[in-house]
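In structure tokens below, several structures.
Both of the next two complexes hold chain A, though its partner changes from chain B to chain C.
This part shows the complex of A and B:
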């Protein structure tokens, strides 16, 4: 009888014991993989959103820092204003290469003139913009004309094949951007001219007029000169321009990063506890199994099996159970993350992006390795102990 | 093994029947208002009702599976479980659907729960189908 056959016979011979070990392996693998995918997905998403923004510094009115993070990260619509005269002051600061204004708007909720409720909308100036246009060109091959919009990955046409009604104005959806897992996926982008045209039409067509105050903008995006220090520029902005706050791109989404770090700490301690309990439980199960089978293993040794064969048979049994349990756990974790990703984003309040196939395969391999390692580690001590027993003593007991 | 899977199938059938009752938009006080002022439930509610119909054969398959000792019966019940599981997936995705807003509870909880429960019911029924000969061996 081969080692594998002996291990398989033992697995099918004691269903309860096998189920306990396989379920422990399932829990370890599923928990580890689920947590890894969610946390890595959140990190990737934050990085992607930060990269897509493309500015070194975002200047917003003082007090609007949390609002802008909530809007860009979770798609929570935000409205705030600062004088557009600030743009000239910002451009005059040494080290600033480019300044571009943005206006943040939102659609109406429960109004027939808006076919999408509470959507965050970003209007940009095509003449000075250096953040949105590059990826619009990359995705669409051209910029946006009057009445044209581009949506995040969740935005779809609601009127006909290509149109969306906003404040009674039919805009044309030119395309969708690649998902980032952040609020940008639920946002819409258009030019300042389109925003002003919507505001004009809304006076006669909308339930509530869209007002864009003259000489006001929501935020200013700043590109620092090559080799310049964004931190130094940010300090100068603070000193020279009142009532505004510069947010450096490295500091953007700090609250989410802090939340992620504390979540990681809690989850790691929970995972450590689960892993330790599973290893102890599997160790106990294998110790009991080895004790139960003392006589049987004694006979096998008396028939000529070596010590190594006895310990290897127990480890093979552990390995098979770990592989089966781990594989089911991994399949469940991947399915759960894929299906419940929206719930994860809303419940944890973090952005999330599904991993690429290559990264997923790597994470699956690590999860499966962890399950096999945990079960084999737990079975190692009983396996060594039983293999060292004298066959004559074992058979007499 | 077949007994454990049968119990799992019964639990999954309960999930399919009960979860939509508490996670459809009607349970959250949301309904469509018609021009004449009347309110009607959104389509996720009807998916929830249809799921009870899908959960029933799945649950019965699990109960019968606990009792049967015949290979052919077990296989037939396995097929019934697979069909029920497939229906549980098809109702919220293709046949009826749920509300379009991705932030609604029916989209965030009900739909994924039903897809997961349906997938597990199909997987468990598939294992029962192929392990059915072991029932007669054990007898």
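This part shows the complex of A and C:
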């Protein structure tokens, strides 16, 4: 009979103790994996959103900083305007290589002229754009023509196979972008010409007219010259152009990053506490079990088992329970993340992207390792203590 | 075969008090003997048996098994020696409750030389047949009577062909009829295998089964060290 067979026999023969240890391992593994997936998912999501934006600086009207973040991250529709004359002023600032305007719009809620309610829409200028076209080309192979739109990963056609009705205007969904876990997944992109065409049609076809003020834009995206310092450019924008705020890409989504950091701190504290309690509980359970089985272990020693065998056998029990409990915990955590990913975004108020298979495997391995490490660590002290006892003393009442 | 030189064992009871369970004992047990150690409760006979088997470290003195001082050996060497050369029968139920009868008897080879599993099982079956339990191979200890459990323990103690069998009050929890059955089994094993048997008991009537008896009181051998003072088994027969 091998060490593991003997350990397994002990596990199945001591159901209550085995369940307690396995459940502790389950909690540690499930909690660790769930938290890792959510936090890594949020980090990846923020990074992807920043990368997709593709600008060094985004300039918005003063007071609209939080709105632009909410729109880009959480898909909360936002509308704000600044004079398009700012574009020329921005282009004149030393160090600026390119300036491209964007107009932010939203669909109507509860109106028959819009087949998708309360959706954030981004209109860009194809002549100057340097942020949207590159990934449109990368993912669709071409730009967008009049009446064509591209949707985030959650957008689907509502009229026929390819169309969506916006303000009574039937746009053609050319394709979908890869998911980012942010509000961009629930947004739609089209050119400024399409936006103006929708506004024109809305005057006769929509319940409410889509209004795009003349000589106004929502935001200006800035690309800094190669080797230039975005921070210096941002300072000059602040000094030279009134009523606008430049947001550097490094500090974009700053409030979300802060929220994530605070969430991370809370979660890590909770996780640390849960881990410590689990280790103490498992340690107690193993101490009690070792004490309860003192005589049995003394007999095994008398029959020829070495001290090392005794501690290895207890650690093998711990390892098997940790693996079983950990595996179930991991399965539950993965299931919970997949089933409740939307709820996670809403309740935590953070963007969230499901991990890639490779990253998931890595995170599962970490969760399982943590469960095994915790249980074995908790079992180590009682295992060593009991193995060092004289067999005769261990067998005494 | 087993020699104890001036062996003492003192248990620390804490708060500065200690009790000498065994006090300066000299004892030599020769190959093939059936030694019965008797004494009242607390006389130190179980501690003496544990010392002889290397189950507890003496406070002073030497325990020599086949010319080797047990406490000069490493834990691995000592465990291997116990596994290969000594069989144990305890007073209390000592079968592992989570293992079947066959698995319990097959357990000791797990800790020692790598004997093929098939061989171990065949030997375990043979021994269980010898102790009259060939129909109980796959039952668990809780399903057996106290006498049957002790028979399984005897079968387990013989699995590695030990040179010595040490039994600590093996019949104290049994009724009179079962006690005699177990003692007859010991006598039969001693006669047929020529194994060295050392048995601790507080029942004077059982002394007749041994070839020699040793009486202990207050941690010392008070009578019978090498002298058969009671009726021996051969005389009984």
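By definition in this document, the second predicted complex is superposed on the first by the 397 of 397 C-alpha atoms of A that agree within 3 Å, B and C clash if a C-alpha of one lies under 4 Å from a C-alpha of the other, contacts with A are read in each partner's own complex, and residues count from 1 in each chain.
Convention: a residue touches a chain if its C-beta (ideal position, glycine included) is under 8 Å from a C-beta of that chain, and two chains touch if they have at least 3 such contacts.
As the structure is a prediction and not an experimental result, all values here were calculated from the model.
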Q: Consider chain A as the common anchor and indicate whether chain B and chain C clash or fit when overlaid.
A: fit
**Q.** chain B versus chain C, judged by how many residues of chain A each one touches
**A.** C
Q: Could you tell me if A:307 is touching chain B, chain C, both of them or neither one (first, second, both, neither)?
A: second
Q. Where does A:10 make contact in the superposed view: on chain B (first), on chain C (second), on both, or on neither?
A. second
Q.
With both complexes overlaid on chain A, does A:295 touch chain B (first), chain C (second), both or neither?
A. second
Q: Using the superposition on chain A described above, determine whether A:272 touches chain B (first), chain C (second), both, or neither.
A: neither
Q. In the superposed arrangement, does A:134 touch chain B (first), chain C (second), both or neither?
A. neither
Q: Have a look at where A:213 lands relative to chain B and chain C in the superposition and call it first, second, both or neither.
A: neither
Q: With the two complexes superposed on chain A, say which partner A:63 touches: chain B (first), chain C (second), both, or neither.
A: neither
Q: Report for A:160: first if it touches chain B alone, second if chain C alone, otherwise both or neither.
A: neither
Q. Rounded to a whole Å, what is the shortest Cα gap between chain B and chain C in the overlaid structures?
A. 11
Q: Note which residues of chain B are touching chain A in the complex, please.
A: 1, 4, 102-103, 107-109, 111-112, 115-116, 119
Q | chain A - residues contacting chain B, complex | A | 15, 19, 154, 335-336, 339-340, 342-343, 346
Q.
If we count contacts the way the header does, which residues on chain A are in touch with chain C in the complex?
A. 1-3, 6, 9-10, 12-14, 295-296, 299-309, 390-393, 395
**Q.** Parts of chain C lying in touch with chain A, wherever the complex brings them together
**A.** 47, 50, 53, 55-57, 75-76, 79-80, 82-84, 88, 90, 92, 94, 96-99, 103, 106-108, 110-112, 117, 156, 160
